[in-house]
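Paired with subunit B in one complex and with subunit C in the other, subunit A is shared by the two complexes that follow.
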Partner chain A sequence: MKFRGKIVDGACLNHFTRISNMIAKLAKTCTLRISPDKLNFILCDKLANGGVSMWCELEQENFFSEFQMEGFSAENNEIYLELTSENLSRALKTAQNARALKIKLTNKHFPCLTVSVELFSMSSSTRIATHDIPIKVIPRKLWKDLQEPMVPDPDVSIYLPVLKTMKSVVEKMKNISSHLVVEANRDGELNLKIETELVCVTTHFKDLGNPPLASESTSQDRNPEHMAEVHIDIRKLLQFLAGQQVNPTKALCMHRICHSGKKTLLLRVETNETYKVRILESLSIRWHHMAESSLFTMGPTWMRINQCL
Partner chain B sequence: MDWGYFAIRGSRCWPQKHPSGPNVQRTMPLLTQQIQDDDDQYSLVASLDNVRNLSTILKAIHFREHATCFATKNGIKVTVENAKCVQANAFIQAGIFQEFKVQEESVTFRINLTVLLDCLSIFGSSPMPGTLTALRMCYQGDGYPLMLFLEEGGVVTVCKINTQEPEETLDFDFCSTNVINKIILQSEGLREAFSELDMTSEVLQITMSPDKPYFRLSTFGNAGSSHLDYPKDSDLMEAFHCNQTQVNRYKISLLKPSTKALVLSCKVSIRTDNRGFLSLQYMIRNEDGQICFVEYYCCPDEEVPESESSI
Partner chain C sequence: MGAEPAGAVRGKGPRARRPRRAGQCWPWFGRRGSMKCLVTGSNVKVLGKAVHSLSRIGDELYLEPLEDGLSLRTVNSSRSAYACFLFAPLFFQQYQATTPGQDLLRCKILMKSFLSVFRSLVMLEKTVEKCCISLNGQSSRLVVQLHCKFGVRKTHNLSFQDCESLQAVFDPALCPHVLRAPARVLGEAVLPFPPALAEVTLGIGRGCRVILRSYHEEDADSTVRAMVTEVCLGEEDFQQLQAQEGAAITFCLKEFRGLLSFAESANLNLCIHFDAPGRPAIFTVKDSLLDGHFVLATLSETDSYSQDLGSLERHRPVPQLQAHSTPHPDDFANDDIDSYMIAMETTIGNEGSRALPSISLSPGPQPPQSPGSPSEEEDEAEPSTVPGTPPPKKVGAEGEGGGGGGGGEGSRLQNSLVPSSSARCSSAPSWPP
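And now, the complex of A and B:
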């Protein structure tokens, strides 16, 4: 197995650094998948009561000026590595304003991802900072657990509001409750809701817009005003919101999927076309059954506000 | 300069003249227009264009979880108490609100202040410049929750905070006629002193006197005692009316929370009465230039030993 890549463009370097920072915030260890045309950062947290998984895809040619790799075998031309995501982000810290960055798979007593950062200097001689990040090569037989998650048709898919606003709302809600209800419909409305014995707080976002449906198979007869809802752990949602350093462009969408009795909130971040970065995060959700009528217990005032929204 | 004195209870708790700043008429947020017709069912309805004019003042008295709110047609008084020894009152005059209606003589309820503040700052504590969070607050009466409607940039948050029956608040019976010594200082003069109080000292000793040292703050901590004197003719001293030498000690742990109000304020009035009770009144200017008051009452600690009182 061989891998070496070089990034020379400042903007690409900067973007790559920010992605690695974001991944470090979301996951302690992650899997890096290297294939001839893609790099993937993968996180599969399979917990019974809802874990976070992430699928981040970078088109190799949008970042690297030189890219060579030789995978496990000719038929399986891929490499899977496990690394501590913080090590990578720390190694790249110096790279933000560097002249060039080289990443190489090496074996120095133990397998390493060697990151060499070529720094600018005033004199003619260049300075190079090299980090050896210990890695674990993932054997072929475990690859099957690390495949791109299937994204079934969502009940509702909606563009997210400005993440900064959403983050501050969720942050305050976290002080009050540990669980959050996310509701959305096909009319561009999204509600974030917490309920405790002490207080009930609902934030209503409207006119967010819904991405066009991918397939025809989903129930078209669904009432656009009907709210689909999921209950999630606030800390996990906040972790996602706090990790966003990629300055996503408008193309953000969220799906909620009913999948074998469990509901999943999928948060998907896409940045502009130049980089084609796709991050897909799903939060498996503890699903509490809740009668739909109980959504409207807030009395006539609330109803009226809801209508005017 | 004389500030209106606040008494604890009743209508006297409001200053005679409302020192309010320019009252700019703004366009009413969308939200407030929609629910105008429902007003009759509420005993308290208040609207604000900038929620921070309320939340900032409430933060200044947030040293305990619960607070008692007391509204009359003049405004809202929010009271927080600790250890039956210290009481903080925040006064938000009716003039601060763009709309303020109280249907009954007075409306009183107890509420979780921590939750209230989290709700008021749901859109973030430091908003982006140019964006204001509007608030509409409604309360129907005993047993009903306090409803908050907050709006920022078209996003609406509805909060329903459960209220409790009000508990009796302390009556410090601090009467302006019994005031012996009074000093008005520019807050910056006290700010550093309070934020750097030697917390290993159990008490803060305040000396107020017509003669030297005029106004002295003393602490007695592990590292020794420290005294901080303010000369009578200092630029920071706005008014100095001391009639009699008084040396009183106050639990530092009880006074320390008042630093929150001090940081926000522009002026502070320090008064002691014939029993040694301390009143700290903080004048706070909000983002619209209007003035609000926060007041702390604190009872003195044990008698000062004779040897130390003679300076």
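And now, the complex of A and C:
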């Protein structure tokens, strides 16, 4: 297994750093999947992780000026590694304003992902900071636990308000309740609601707009004013909102009831920056459907990040 | 004279406590003499910065007015770090070590008390116009007055203890290795290290490159490994580099950072004198008005470590283009992919027959691998599992791994928070009894 990549463009480096910071805020450890054209940061839906999972995809050619890898085998040309996401984010923090960055798979003292940063220094000489991030190589037979989750067709999908606004609303609600009800309909209305014995607080958002549905979904016959709702753990949603470092201009939220009786909330984020970055993220929160007001477990967070230059 | 609680210091704030005799700053009459000094302008901040860096080391501050300046010293509780600043008489607008014909005074005060006077550097810079420090043998109070804008005067009466002179025995001239660089260079070099890191190794690598690397204790629990950070500086960044290749010492980063932040703010050069591992390292800053010495114990078990440093340097292929004119850092100039890649096929070998061919398929020369690479541990742990079926045990193990990562981080942190105590820093500078 071999991997080596190089980033020289400052904007790409900055973007990569912000993504790694965002991941570090969402997950303590994550899986890095390296394939010839993509990098994925994966967090699996395991109870030990608080039930959060994440899928984040980067097109390597949008970030790396050089990228070489050789996977497990010719048919399975992929590498799966487990690493502490904070280590990566800390290593990349030094890469801000760096001249170049290299990422390599090495085996210096132990298997590690080596991040070498070429820094500017006062004199003419270059200064190198090297971070050896310890990794665990994930055996082939566990790969199938780490595949891209299926994104179901939504019941309702809706554009979200500015995430900062949403964050400040949710932050205040967190003081009152630990769970949040997200309601939305196909008429551009979104409610964030908390209910306790003493108080019920709802924040209404209107005229948010609904994106066109990709497929003629089964719920087409529904009344557009009918509210679909999911219950989620407020802290997990806040963690997602607080971790946003990619300045989204448009965010999308979708509800879905699965056949298995689980509800899903997907959040998808797009950004448009000067150099045309488009980022899609989705957070899905699954609810074990037992009774309308029963307990819920926290579902997966998925993220997809594409960058088109 | 007993130490009084630090509560005596609390007379801070706009409504400053007045000294006993209003209008008279320094009531210094007495047999035991008295000291007073007056600091003005930007020097107040310099003094404040020095106190801040001393506060990273010890809990007590030894203040000693000498004929050649005011000395502030401290030593940490395990006596593995000592710091001393000497402010020359010219640093002060007015300096009197003692009343003529009297003995010199010295005193020991709580670091916390003294630091609280200089706590806010912004305040020192923006509002404080001058600061007078006076010590009277009779009143047993160290009086620090801050004269601020708009006629506000803050007076701190600090209780102190008499003490012996604190003096570490060291001589920079005896250290064979000397590095000198602007503090900013070294300050930037330690920036990539995590704030919680306890110790750092400073060594001289191949081609007179100065290498700083995070030091982690060898842990029996190898599942949680800490990130190893290494910063490589070129010879050109140093004004003086007189050290042998392979020389390396390991010392506490926290104290070093303290001195660096002082030296950076004063824009000084920092000199590092060091000897063999285990011998104290001496860090000095100097200009015409002040003189600072930090003496830090170094780890004596550095032997294996410096070897490690050497071997690391050795196994790195040196790029052929590395001429003297263009000194390329090894790690960057080398674009040979194979030399760095790992062959960790063993991890998948256990998958069964399906995975086996991959070993032969893997192209390219296999980098020299030690047979005991950590990936094999997984190999041993897994043969009981049936290929293709992810046993619940595996999931549990993975979950544990995730949780363990968290716990491990905590424990690592704890490890690093227990700094190199006297037990580990075997060779502390020697002190007089």
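Before moving on, here are some points about what is shown:
Note that the second predicted complex is superposed on the first by the 257 of 309 C-alpha atoms of A that agree within 3 Å, B and C clash if a C-alpha of one lies under 4 Å from a C-alpha of the other, contacts with A are read in each partner's own complex, and residues count from 1 in each chain.
Here is the rule we use: a residue touches a chain if its C-beta (ideal position, glycine included) is under 8 Å from a C-beta of that chain, and two chains touch if they have at least 3 such contacts.
The structure displayed is predicted, hence computed values, not measured ones.
Contact with neither subunit B nor subunit C is seen for A:Leu146 once the two complexes are overlaid on the shared chain.
Once the two complexes are overlaid on the shared chain, A:Glu197 sits against subunit B while remaining clear of subunit C. In the superposed model, A:Phe110 lies in contact with subunit C only, and not with subunit B.
Judged by the touch definition given at the top, the superposed model places A:Leu238 against neither subunit B nor subunit C.
Judged by the touch definition given at the top, the superposed model places A:Lys102 against subunit C, while subunit B stays out of reach.
When the two structures are aligned on the shared chain, A:Leu208 is found in touch with neither subunit B nor subunit C. Within the superposed three-chain model, A:Gln68 lies in touch with subunit C and out of touch with subunit B [touch as defined at top]. Subunit A has no residue lying at the interface with subunit B in one structure and with subunit C in the other.
Of all residues in subunit A, those touching subunit C in their complex are 1-4, 28-29, 46-49, 68, 70, 72-74, 76, 82, 84, 86-87, 90-91, 93-94, 100, 102, 104-112, 114, 116-119, 121-134, 136-142, 144-145. On subunit C, the positions that touch subunit A within their shared complex are 182, 184-185, 188-189, 191-192, 194, 222, 225-237, 308, 312, 327-329, 331-332, 337-338, 340-345, 347-348, 350-351, 354-355, 357-358, 361-364, 367, 369, 373-375, 378, 382, 385, 387-388, 390, 394-395, 398-403, 405-406, 409.
Put simply, subunit A touches subunit B in their complex at residues 161, 164-165, 168-169, 172-173, 175-176, 197-207, 298, 300-302, 304-305, 308-309. Put simply, subunit B touches subunit A in their complex at residues 30-31, 34-35, 38, 112, 114-115, 118-119, 121-124, 128, 138, 145, 147, 149, 152-162.
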